[in-house]
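Here chain A shows up in two complexes: once beside chain B, once beside chain C.
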Partner chain A sequence: MRLSRDDIIMRAFMITIGLYLVVTLALPLYTMLSKSFENSDGMFIGLTNYIEYFNTPALVYSIENSLFIALITTAITITIAYTFAYALTRSCMPFKGLFKALTMIPILVPSLLPGIALVYLFGNQGMLKELMFGHSIYGPIGIIIAEVFFTLPHAIIILITALSIADARMYEAALSLRASRTRIFFTVTIPGCRYGLISAAFVVFTLAITDFGAPKVIGGDFNVLATDIYKQVIGQQNFEMGAVVSMVLMIPAVFAFVVDRIVQKRQAASLTAHAVALVPKPNKNFDRTMLVFCMLVSFFLLGMLGVCQYAALVKFYPYDLNIGLTNYQFDLMDGGGWDSYLNSIELASWTAILGTVLVFTGAYMVEKCRGFDNGRSVFQMLAMLPMAVPGLVLGLAFIFFFNAPDNPLNVIYHTMIILVISTIVHFYTVSHLTAVTALKQLDVEFESVAASLKAPFYRTFWRVTVPICLPAILDISIYLFVNAMTTVSAVIFLYGPDTNLASVAVLNMDDAGDIAPAAAMGMMIFYTAAGVRLAHYFLSRMLDKRTQSWKMR
Partner chain B sequence: MTTTTSNKAFLSIHELSKKFGDFVALSDISLEIYEGEFVCFLGPSGCGKTTLLRAIAGLDMQTTGRIIQAGQDISVLPPSERDFGIVFQSYALFPNMRVAKNIAYGLENQTKQSRSEINSRVEELLALVGLPEQGTKFPSQLSGGQQQRVALARAIATSPGLLLLDEPLSALDAKVRAHLRHEVKALQQRLGITTIMVTHDQEEALTMADRFVVLSDGRVEQIGSPEEIYQQPQTAFVADFVGTMNFLPATVQADGVEVGGVKLDCDLAGINTAPGMTMAIRPEDFNFAISEDTDGNQWPIEIHYVEFLGSFVRLGIHWGADDSIRAYADVSANLYRRLGLHQGETRTVNLPSEHIRLYPAGRKPL
Partner chain C sequence: MQFHKIFKSAGKIAAGVIAASVLSTPALAATLTVYTAVEAEDLKKYAARFNKDHPDIEIKWVRDSTGIVTAKLLAEKANPKADMIWGLAATSLLLMKGEGMLHAYRPKGIENISPKFRDKADPPSWTGMDAWVAAICVNTVEAKKHNLPMPSSWKDLTKPVYKGHVIMPNPNSSGTGFLDVSSWLQLFGEEGGWAFMDGLHENISRYTHSGSAPCKLAARGETAIGVSFAFRGAKSKAQGAPLEIIIPSEGIGWDMEATAIIKGTKNMTAAMILADWSVSEAANKMYNEGYAVIGIQRLAKPVKYFPENIAGAMIDNDFQWAATNRKRILKTWQAKYDSKSDPKKK
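Showing the complex of A and B:
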């Protein structure tokens, strides 16, 4: 086959973006893997580090602890999220939209924040300390509550989707065969969303086992894998052992990722275009029960946020309960001051702009490029890989790769550039999948028609693909922006004196005992993320109105 | 009916094959299409007709073989360097552009045209496809049939040498489809543009095409005019796929065949005879109006059931020991009334020997 000019340009774009993923993902990970087989002088020592790791009881306990936290969190989160999603999709209770919006709160804050709220509620001087009945919040109890808060929205989003695709005719068939409500629930409802349940469970498990924020703030002496990496690297400067723990932490993450991919494929195959949408029927008792449940969950989410806000405003808890803005004087604290907040805005903006361009262009090339099947599957794999790499592991891998003296790229270490690069790659997969989903909804023949009309691909890309995919493009940019604002894990190893970030400032101020300012900074992140989300909502609405005239169906 | 057809091959395909892994989608296809001709690729789903069309367009490259268009070897050219317009089943209209912009899309890629030239060309095309004044609408504001015409106008806007239609009418409902068949055909004849249409709908093919290419399992079964394909199907597959056909087990005898104990005269010249064969008869070839000077085979049959199908009546007829031979016979509603045929009665039927076709036994028809 002779290549057209378009083919060559498209492949060049794809290879360039693929190389970006190789340099910012594959190579750092490889470097980290090889570091785990070296001593501090860079000599190859085989499995010695691993043997040492497994012979250090303090470190090996963390595996058990991490699994324990992740499993309990998964069980609790899935139960709550399923009931919540069920209420939103299958009941006739009021305020569904409001409840759905409230569940998104945890996405807008760093995972450190629920920990801080728990300290104020149940800590040594907590407002509701008595409710702990002598137990300490610092440890597994605190971590699990914080992780449930942090993982809830992710599970709810997946389960709402899973529960919305029900086929009403299945329920009508079951009813006509006189099945009881319980029997219908177990024979129709649960099997109908089983892929969603599995997928949600693995997403929650991965988030909980790889999260670093909650155990850092509320974990006390209870060590988990994520905090071990941090301690090995930041505390003991033992980079090689950090690499070993990272490899251990990759195992559950990669496993969960693989299972999720398999399940996603099955789910896609089980969807049919001919399903009749299920419309819930009013049922007074059921609707009321669901409403009460959703109010309780929302109260939990809002309560945690409210406590943080209270903590941020109270002058000196618990001794001076006057309200004021003293805790917002970040420049008086260690942790980076207001500059760190501005740095976060800068990071989030660059990540959103550059990341969206990069991700969408990459997804377009890989979806629409003619031939070149091998190149495309390599690209697809590279684009999926970030999902399986926990943020802390990515950050550490970046240190190994970009801070190496013989790497010419080491000039970007500690700069804004490396923060942007790492954040884009950290959140690449979900953005890529969003773009691919949107592109797959376009008529596959647009490019064929355009080629027959002798239009170069970039004209069709610019005049047809981008306008139609604008909602998805906005979604991607907002996703990147919000995550860049809230993330701690990858950037914790990469920021420099001039590039401190708000989320890192929360961590460092909390570490230094300045919990109230930490809460205040956390709330700054929340306002910003929520503001941007709101702006996105209105922008999408406007866009929707403007494009309504040509919307298909 | 082939006024615009000349005898110069405009498109020739030489020994074209296409494999997807181990699966052979097209095997050794050779055919020629003449200038101004309307050709239909007809076949059941999975027969390779769309694959062949996409190979001609350069959208899916063939594994081996050559394609010559207007004297130029285009076998390895990318689609953007070939000369064709295409209409897909989904139309693939750009939803965010108004109708006029959609039609102008290809024209705008030709640098020499000015804005006013493009506009007047778009007006002309809109009028040509019967949609004047609709240029400012978005595709989603049009009906399916109208969208289909816009797609057609966009495809012919740049006056390509070859028009490719990939199941263009399949997404429409029956009435609109029947109407558009004639419109598309009339437009094609008016423009004299060489056209290839892919369809699985034999009725569509019969009403529109100058010639058929019948495909099955990636091979060409037969190429010919609609009459040839219908009346002289060369293989049992073609006989079965186009129209309705009775397939009856026959034993070859001297200058004829025996079917269910009835000896039928037919011409065995040029047929590779075997003792057991399959005889194919169109239902409408059974003749019930018998007079003294009716020639050919005549034998008694029993009318087992009667199915009223509007303009004609389909009879289930039986003959032979234990009614072993069962066939359909079609009679016009008019004749049916005139002859007073009834369920359960025995009648004599006539079958002119030239309507009997014989195929090797064994291959199970569809």
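Showing the complex of A and C:
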């Protein structure tokens, strides 16, 4: 096949973006892997670090602790999320839209925030301390509650999708065979969404085992792998041991990732074109029970947020309960003051703009490029890889790679650029998948028609693809924006004196014992993310009317 | 303005942007990147006072807990980011001197600083600013609620009555935590020191990352007793917290906050100016606003809410010993106590 100019340009784009992923992901990870076999002077010492790791009981217990936290969190989150998603898809209760919107709250806050709320609720001066019956909230109990809060929306999104694809014919068949409700539930409903369940379970498990915010704030002395990496690197600057713990943390993350990929592939095939959509029928008792359940869950989510806002406004809890703005004097605290808030907005904006351009262009090239199958599958693999890399691990890998004295790229260390680059890579996979899904819905004919009209591909791209995919493009940018606002894990190792971030400030203020200002900054992040989300909602409705009217008949 | 930063560091600025950024930034002779462990709330004040005399030098702070700043500096040894250190534990600076990371310089007016507040070598590698001393913060409301007697010595804290009521900083990250541990090892001897900590460990509810956190937690009533430092206690008390600041009878550990120039700084002239200023009378008076014991002791005035007779309680701290043994002590500490959460024991 002779390569046209378009082919060459498209491949060049794809290779460039692919190289970007190699430099910002593959090379840093490789550097980190090799660091785990070196001593602090950079000498190769084989498995010595690993042997030391497994001979340090304090560190090894963390594996057990992390697994314990992640498993319990998964069990609780999936139970709640499943019931919630079931209520939203299979009942006729009112306010479904509202409930669905409320469950998205945890996505808009750093994972440190539920921990802070728990201190105010159940700490030694907690408002509801009695409910702990003498147990301490600092430790596994606190971490698990905070993780459930943090992971709930992710599980609910997946399970809503899984429960929405149901074939009404199966239920009709089951009913005509006189199966009981329970029997139908276990033989039709559960198997029907088994892939969704597995996928949700693994997503929650990975989030819980790699999360760092919740155990940092509420973990007390209950060590987990994520806080160990932080302690080794930040507390002792023992980078090599940090690299070893990172490798250990990668194992469950990669495992969960692989299982999830396999399951996702099967899920796609489970719905046939002949399926008839299931429409729930009203059932007074059931609908009411579901309504109460959803109200309780929403109350939990809103309550945590409300407590944080209250904490931020109280002058000196618990001795001076007057309301004031003293805790908003961020400039007198650790964490970089109000500048850090502005930096976060800057980071989020750059990540959203540059990240969306990069991700969407990359996805377009990989989808629409002709031939070059090897290159395309390498690119696909690179695009999926970030999903399997926990943020802390990515951040540490970045230090190793970008702060090496002989790396010419080390000028970007501590700058906004490295924060933008790392955040884009950190959240690349989900953005890429969103773009690919949107692009797959486009008929290939567009390109063929354009080619026969001798229009260069970029004109098609700009005049046809981008407008049609605008909703997906907006989704990606908003996803990147919100995550850049809330993330602490990768950036905690990378910010510099001029690039403090709001989310990191929450952590540093909490570390210094200034928990009320930490809550105040956390709520600033929430209001910003929520505001952007709302703006996105209205903007995309407007855009839908303008660019998506072709979908309506 | 934020936009310029990115482009600038990328080194790819369009000419127009350069012009704009040059016009919008005031002309500064130098910008010093200063690493510090001084309390966050004081940083603005420190920079402002310095700028009163030297408005043309901008200070860019990098602040964190002592352990973190120390570790950060050590990690960046090959590729230093800091020009200067202003306000870091002398034990840490001794360590860095040993690694050859400090530029020896004799600040103008150093002869006013009491000899025990400066490096013995000439020219000295570091100069002390003030002494920061250990103290116990007791929340009187919480103590009453749980019927806790007021402790008067370190050993008191190991009594079973205090079980679960004591919080102290993790010496791995916190300079205060380290000065506590190293002072106990000096006061009670190596064996006695660890035995004391074994007992204390039984009563500790958790170890915090920062040295000020235990006192702030005590101030909020989140714990009854916080092992912290006197400066923090006085500040929290001034804010209205029901705190009692205890100076244990055995004596208290302490460390100096000190200043040093990083070897290889590209801003040597500005760094020297700051080093000179940091030993000046103006600077010492400023340190005295928070700290009772300072480099030029004749200038010292009593500090409000600060416990009295601090100087008498300060132990004869062997900084060289502490610096040399730092790594070993921290390692032992971590092995013994960092697994508070050990699931097998519960």
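The rule we apply is simple: the second predicted complex is superposed on the first by the 549 of 553 C-alpha atoms of A that agree within 3 Å, B and C clash if a C-alpha of one lies under 4 Å from a C-alpha of the other, contacts with A are read in each partner's own complex, and residues count from 1 in each chain.
Please note the rule applied: a contact is a pair of C-beta atoms (placed from the backbone, for glycine too) under 8 Å apart; a residue touches a chain by one contact, two chains touch by 3 or more.
Predicted model only: the values in this text are computed from it and were never measured.
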Chain B versus chain C as contact partner of A:333, first or second or both or neither: second
Which superposed partner A:513 touches (first chain B, second chain C, both, neither): second
Which of chain B and chain C A:497 touches, first, second, both or neither: second
Chain B versus chain C as contact partner of A:279, first or second or both or neither: neither
First, second, both or neither for A:403, with chain B first and chain C second: second
Superposed model, chain A: greater residue contact from chain B or chain C: C
Touching both chain C and chain B, counted on chain A across the two superposed complexes: none
Of chain C, residues touching chain A in the complex: 2, 5-6, 9-11, 33, 40-41, 44, 60-65, 67-68, 71-72, 74-76, 78-79, 81, 141-142, 170, 172-173, 205-210, 212-217, 220-223, 239-242, 330, 334-335, 338-344
Touching residues (chain side chain B, partner chain A) in the complex: 57-59, 61, 76-82, 84-86, 88, 90, 92, 94-97, 105-106, 108-110, 138-141, 154-155, 157-158, 160
Complex interface listing, chain A residues touching chain C: 56-58, 61, 64-65, 68, 119, 123-125, 136, 138-139, 220-223, 231, 234-237, 239, 316-320, 331-335, 342-343, 346, 350, 403, 405, 410-417, 420, 496-498, 508, 511-515
Residue numbers on chain A that touch chain B, as the complex places them: 1-7, 370-371, 443, 445-446, 448-456, 459, 463-464, 467-468, 547, 549-553
